[in-house]
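These are the structures, in structure tokens.
Consider the two complexes below, in which chain A is the common component and chain B and chain C are the respective partners.
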Partner chain A sequence: MAEVINFTIDGQKLQAAPGTLVINAAKQAGISIPSFCYYDNLALQAACRMCLVEVEKTPKLQVACTLPVAEGMVVHTDTPQVHQARKSMVEFLLTNHPLDCPVCDKGGECELQDMAFRYGAGFSRFREAKIHVDEKQWSPVVYYDAPRCILCYRCVRICGEGLGVSALGIGNRGAMAEIVPNRGDHLECDECGACIDICPVGALTSGAYRYKTRPWEMEHVGTVCTHCSNGCKTTLGVRNGRIIRANNRDRSGVNGEFLCIKGRYGFDFYDHPDRLTTPLVRQGGELKPVSWAQALAVVAKRFTEIRARNGKFAVIGSNHTTNEENYQLQKFARQVLRTSNIDHHRTGDVATLLDALQGRASALASTADLVNAKAALVIDSDLAQEQPLLAFSLRFNWRINQGHVYAVTPGPVREDNYATTVRAEPGREFEQLQLLKDRLAAEPELVILFGAAIKGEDIRRLVAFGDSLGIPVKYVALVDYSNSRGASDMGLLPDLLPGYRPVSEAGLEPGLDYDQILAATDLNALWVVGANPLSRQPLASQDAFVVVQDLFLTETAQRADVVLPAFCAYEKNGTVTNVCGDVQKLTRGPKTMGPKPDLDIIALLAKEMREDLGPTKVADVFAEIRNRVHGYNLPLVVIESGGAAQAVPPNDRIQIQSRPEVVRSAGNTLYTSGTLGRYSPMLNSVLEAPGALYHDPHIAPFVAKGSVQVDTTEKYG
Partner chain B sequence: MRYNEPSPLEQMIISYRFDLPNPASIDTYLANDGYVAIKKVLGMTPEAIIDELKVSSLRGRGGAGFPTGMKWSFVPRNTGKPTYVICNSDESEPGTCKDRLLMENDPHQLIEGMLIAGWTIKSNKGYIFIRGEYRYLIDIVDRAIAEAYQRGYLGKNILGSGWDFDLYTHTGAGAYECGEESALLESLEGKRGIPRLKPPFPAVVGAFQSPTILNNCETYSAIPWIFRNGGAAYAALGTPKNGGTRLVCVSGHVNKPGVYELPMGFNLLRIVNEVCGGVRNGKKLKAIIPGGSSSPVLRADECDIPYDFDSLAKAKTMAGSGGVVVLDEDTDIVAVALRTIKFYAHESCGWCIPCREGTNWLKKILSRYHEGFGDESDIDLIAELANNMLGRTFCALGDAAAMPTAGFVAKFRNEFEDYLKKSPRFQPAPELAVV
Partner chain C sequence: MTFSPELEARFAKLLNSYPPGRQRSAVVPMLLYAQDEIGCVTQELVEEVAHRCGVTALQVDEVIGYYSMLHRKPLGKYHVQICTNIACQAVGAEDLWAHACKNLQLGNKEVSPDGLISLEEVECIGACAWAPAIQINYDFHHQVTPEKFDRLMQALADRTYSARPS
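Then we have the complex of A and B:
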């Protein structure tokens, strides 16, 4: 076959690779051919017949979305015949489509409206009765209005092909054909809402968004989801300072248009009725609302006092706060409080991986690598539950780029459906890896993603195993939360400064780690920023002065002496670092009143204690991070423009002095997100929440749950 | 058992066993030339078999009339994949009722035809896809298959050739669309019965992603005779490029409706007047739907033509699946058009827009028109909508609905217009009248 096909579209002489579809070849030449059912990277349907074009020497109009270019082919996309055909298709579509555009969620961003505007008639010849079917609710998230549906099957395909969930199908036939959920009258699925976003019309509507606003009344703010570590770009629809919806229809960001339930619906914790809006100070045994000035004064006074008598401080940082906040927090701890007792809930052993790789810059996979790598190996993680974007990316890679996927997991995972998977009990992964070794070594390259069960020495073994394959290998240490990686990079560690420099460089000894802080009986002060350690174990120090910065009165906040209400990630500016080390920008969406960003709280406390922490503005702090933290001297323009730039690993050995035991996965599922998830009405309302971590997709796709009660003892972080 | 008296004008080569006692049994079949052709074919190469079929000018009896030999020659060899032989007995075209007789009265003839196809492409598995409503036929065909297994015509090492062939029945679930070959394959694979994108055609990527021979029941049934008597003899029965005989299913206003095996090219008017004893009650002929409900109607003055694929195509209609529907002078063409479109609106699978919405819209207009609430603009609208569907739908079902509808309006426009005169015109209620 020839390498290049020569053909003509609308008089333009064009070339394309064999197999290119006319619709895509035209698009590349700037000629738009309308379509509903054609969708990039999904199976061809040829169902909507909107993309009919005229091909010379072919009597009938041809469907551009399934027609590959051929040598010498002459295509016309803009003839009276083509126009007439498209107009007639729009006319057919509108026969049973209700013209309730003025109240339809999609009105204003509806592809059928656009198509009617471009090709439709200004007059309807349809005077018969329209078919009406009542709207159905399939889940708290998904509603379906059959009359509006134009049956383009995008939802069926994104669910089946894209996500591998296959929760949607087609029922009935002819004019009564409609989309039906996998359980007949309801959905049991990932509840990700991809079907809603991909719907060209208002047939599938979101339980969170429906009938709340018109699309043009919102401001669209691109930021990063605050839940898991994958760092999906989510576009907040903000109206009057409130988030109305989240999606990523512009397909920007590392995730394209992928978002899971947390990214699309999990933002709703931010205006939960329990959200703290004023600082609280314990007075007479009870937390009482006070002004910011009063609360900050109390904290500053106690901190100064305890420092003056060389009391014992400890700081627990967050997996959700920004890099800037984490950087300033550790600076505060080390400079102002003069302590090394700082840690966060570590959900993956990033430091050991970086040490084991010893500065091999190309050995850390970026998020983009997952959709291009020739092969990927997943160890000890149910990706679809814990790392939804990574699972989607690996599946996409397998589906579109023929990438191979291997998995070594303790239980059944969704990757079983297409990947080479091996079961391994925890602790026996390496025996099973040996079985795969020959096949892995035959791959041209490999990305290894490993869960929190691989930590400490096991990581060094894994890297040795990777080296033994004799092929280029990249690694991803899976972590659980939106800035888990950033917390580690920014030195929220008892033994390491930002950029994994030893604490000795700051003239300090390694301090207490997370478990030791909680177990210590002699703490005088504990400062917890955006974490909930006491949900899992009590604080051993009975008399410690506890300051908590959080959104809610969590178990930890209830024990606090001062509670400072903080912003969540959607309300902040700053940067976060995702599981693959990709640094992205947060942009403030809603204008919440009362709480403050953690960065401001830290700066105000420093001011109150008459200490100089340096810059206070986000941009200035980030500038300092770029200057001082190894690996973060990233191109500003990429991050400022909403892109992702991967942090570079340190060159030298890392002097790790903490115990790998403190590395523990939070064990979140698709429907849980630590403490934050407990305050998300949507996450808790879906039938599936919280699913079993290792479910069997063949036998019981999801463990249905009768009650939305969440067992807090299982939550951690 | 036959359902009508045979006509002396018939030339029975595939239906001659229908009159024998116990016609479906293997003993009857064996005593009457049964399983002779397969013995001969087992000594032939695939090329020789396909050449013989090409000589016979046998054309697909399902409706499209595609040359069978050519279809078989498209099946790729040595792909490393299994191959399949599938019989389309999802006979659903209104006016057509021949496959039913072939399966009821001579299932072994069908089995032998499929065996020949199986041997040609060295397939080891075949399926007979039977229309779900033909429930009683499944038992008959299953019994025949069991007999064939017992006698060694199916199963392992057939007739000592070292070749294995298994045959199964599979039933549709009541969808006209599953008579479309790719929708049939989807249904066979256990999926929703919707058509597939073509190309690739089933010969290359058919059942279970494998090369597949898929033919109509009558096509397979004709094959044993061809190999017993030679392709040339078969071709000689019909007209050029239209070999053999075909089972013509005549229904409607004739004195002797029924299924008659007639040589290809038999005159259509003679079918009505001589084979079927003329129009019922001495009425005059108004029109004939010549090849199942999806073929455009022929006015009485157009009916004096040979009944074969090419002649009917020249008359801008088609021989289709052989369902001849005769309409006498009293027939209400609007009612016929309505009944026809009702069927297609009911059977449209819903996959593509023009068919799903077009059939439904046409049904609604014609219903209103038939009830006397039509107006002049409806006539053109009906014709225009049918033309908007034609050639633009995913599969042929949309064409099957649009062609006859367009045909009724084109050929009997006067009847549509008369309808407006004789029926009460639609008067908008005064409060709805637009000033």
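Then we have the complex of A and C:
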């Protein structure tokens, strides 16, 4: 077969690779062929018949979505016959479709509406009464209105093929056919809402969004999800300063159109009634609302006073705040408070991995690598629960790019369905890795993703194992939160400055780590920004002056002397770094009154203490980060235009004191997200919450196939 | 779920009849054979077939919803299926259907109180040359007049029915 096929569409002489479908070949040439059921990267369906085209020497119209181009083929997409066929198809699809566009959520962005507008007739030859079936609620997030459904199977395919959940199917047949959920009258699934977003009509609607607005009334703000570390781009639909919905239909960002339940529905914590809106200062044992000026004055006065008598400060930073905020926070701690006692909840041992790699080039996998790598190995992580985008990407890689996936985990994971998976008790992963070694070494390249159970010396062992394979290996140290990686990169660590430079360069000694800060009995002041360390253990320093910046009155905030209400990531501008080191831009969506961005709080506090922290605006701080932090001299055009640019790791050893004991995964599932998750009504309302790790989620009874023997299994192909 | 040894043997043969990874092809025959043994398709059966064929229970449900010969509720001992599709209709199938409903006091997909007979109006059963045709369980009966139908029903009631009546 020729390398290139020559054919003609609408008079344009075109070329494409063998196997290219006519619908795609036309799209590349700028010719739009309408379709409902055809969807990129999903199995071909040929159900809707909207894409009928005329092919010369073929007596009947052909479906462009399943027809590969052939040498000499002449296609016409714009003839009276084609128009007539499309008009008839729209008429047929509208047989039982209710004319409720004025109240339908999809109105304005409905593909059927667009098609009816473009090809439809003003009347229908179907005179029979329309079949009506009442709308059904399948879960707090998914509603189904059968009469609107055009049976394109997109939802069935994205759920089964894309997510590997297979929670949707088709029931009955003919005019009574409709989509059915896997548990009779309700869904038991990831509740990701992919089915709703992919629905070309208003058949599947979202519990969060339905009947709230019309699409054209919203502003669409592209930002980054603030929950897990995968850094999915999410487009917030904002109206009157409030978030109405989140999706990513423009397929921008590292995630394409993938989002999990947290990305699509977990934004609702931001206007929880318990959200703090005014600063609080402890007066007479109780936290009382005060003005920003008063609260900042109290903090500045106490900080100045404690510093004057060489008191002991400690700072705990956040996994959710932006790089700019983290950078300024560590600067404040080291420059103004003159302390090295700064840390954050480390959910993965990033620093040790970077040290073990010793600055070798391109040894850190980017998010895109997971989709394209020839092989990937997952160790100690239940990806579908903890790192939903990475799970989706690996599955996509296997499905579309024939990538091989291996997993070494303590319990059943969803990857069992298609990957070579091995069970290994915690601590015995390396024994299983040895058994897999020959298989892995036969791969042309490998990406290794490892959870928080692999830390400290184990990471060095893992890198040594990777080296022993003799193939190019890239790594991902899995972390849990939206800017966990950024917190580490920006030097929220007791022994490392931004860019993993030793603290000695700033003339400081390494300070206390997270656990030591909480256990120390002699702290004079503790400043906690966007973290809730006291939810696990009490603060040993009884008399410490505690300042907390947070969204809610958490366990830590309840212990505080001053509570400063902060913005969440959806309300901020700035940058965050995802689990793979991809830096992306946050854009402010809703306009919440009362709280302030952490960056402003830090700047105002510095000003109140008459200290110069340098730039105060997001763009200026990022410019300083680009100049001064190794690895962050990233192309501004990419970041500003909403793209992702991978931060480069430092190019030599890192002088880190190994503190593997402070590396702990938060153990979040698909339905939990630390403090933010607790305040999200939607995350808490789904039946599946709080989810379970390393546990067959009963999504598909056939999932649990038990441990697979390495030498006998060849599942892919 | 356990089946008779004969059915188990049949299932084993079925599952080996398809290339590796294509065991889902066995869903329809497995359901049909199991339905004959159990009397109807139970939820337990759905899950068992799903498990054996490596598909989800929902995918088996889809098949059951699609094919009219798979039944969720138990049928009568004799399942009487009257074709009213075009060829049979042209030679009196609708009269035959009305006659059957009246005489048996049963509607479509209903079972007699004693569980002996169930009645169903079906689409073409492929016996057009001998229309009007009916099917009792797996047996065809040709050129069925209301009188012939009554004789057949009487035979069922008298336990004298044979698949090949004179």
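The rule we apply is simple: the second predicted complex is superposed on the first by the 692 of 717 C-alpha atoms of A that agree within 3 Å, B and C clash if a C-alpha of one lies under 4 Å from a C-alpha of the other, contacts with A are read in each partner's own complex, and residues count from 1 in each chain.
Everything below uses one rule, namely that a residue touches a chain if its C-beta (ideal position, glycine included) is under 8 Å from a C-beta of that chain, and two chains touch if they have at least 3 such contacts.
Here the structure is a predicted model, which is why all the values come from computation and not from measurement.
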Does the superposition put A:126 against chain B (first), chain C (second), both, or neither?
first
Per the overlay, which chain contacts more chain A residues, chain B or chain C?
B
In the overlay, answer first, second, both or neither for which of chain B and chain C A:180 touches.
second
Between chain B (first) and chain C (second), which, if any, makes contact with A:117: first, second, both or neither?
neither
So in the superposed three-chain picture, is A:166 touching just chain B, just chain C, both, or none of them (first/second/both/neither)?
second
Overlap of chain C and chain B interfaces on chain A (superposed complexes)
169-170, 172-173
Report the residues of chain A in contact with chain B in the complex, numbered from low to high.
44, 46-50, 52, 59-61, 66, 85, 88-89, 91-93, 95-96, 125-126, 128-129, 131, 150-151, 169-170, 172-177
Enumerate the contact residues on chain B facing chain A in the complex.
175, 177, 192, 194, 197, 345-354, 356-361, 364-365, 368, 381, 385, 388, 391-394
With touch defined as at the start, can you tell me which chain C residues reach chain A in the complex?
47, 50-51, 54-59, 61-62, 65-66
Can you name the residues of chain A that touch chain C in the complex?
166-173, 180-182, 700-702
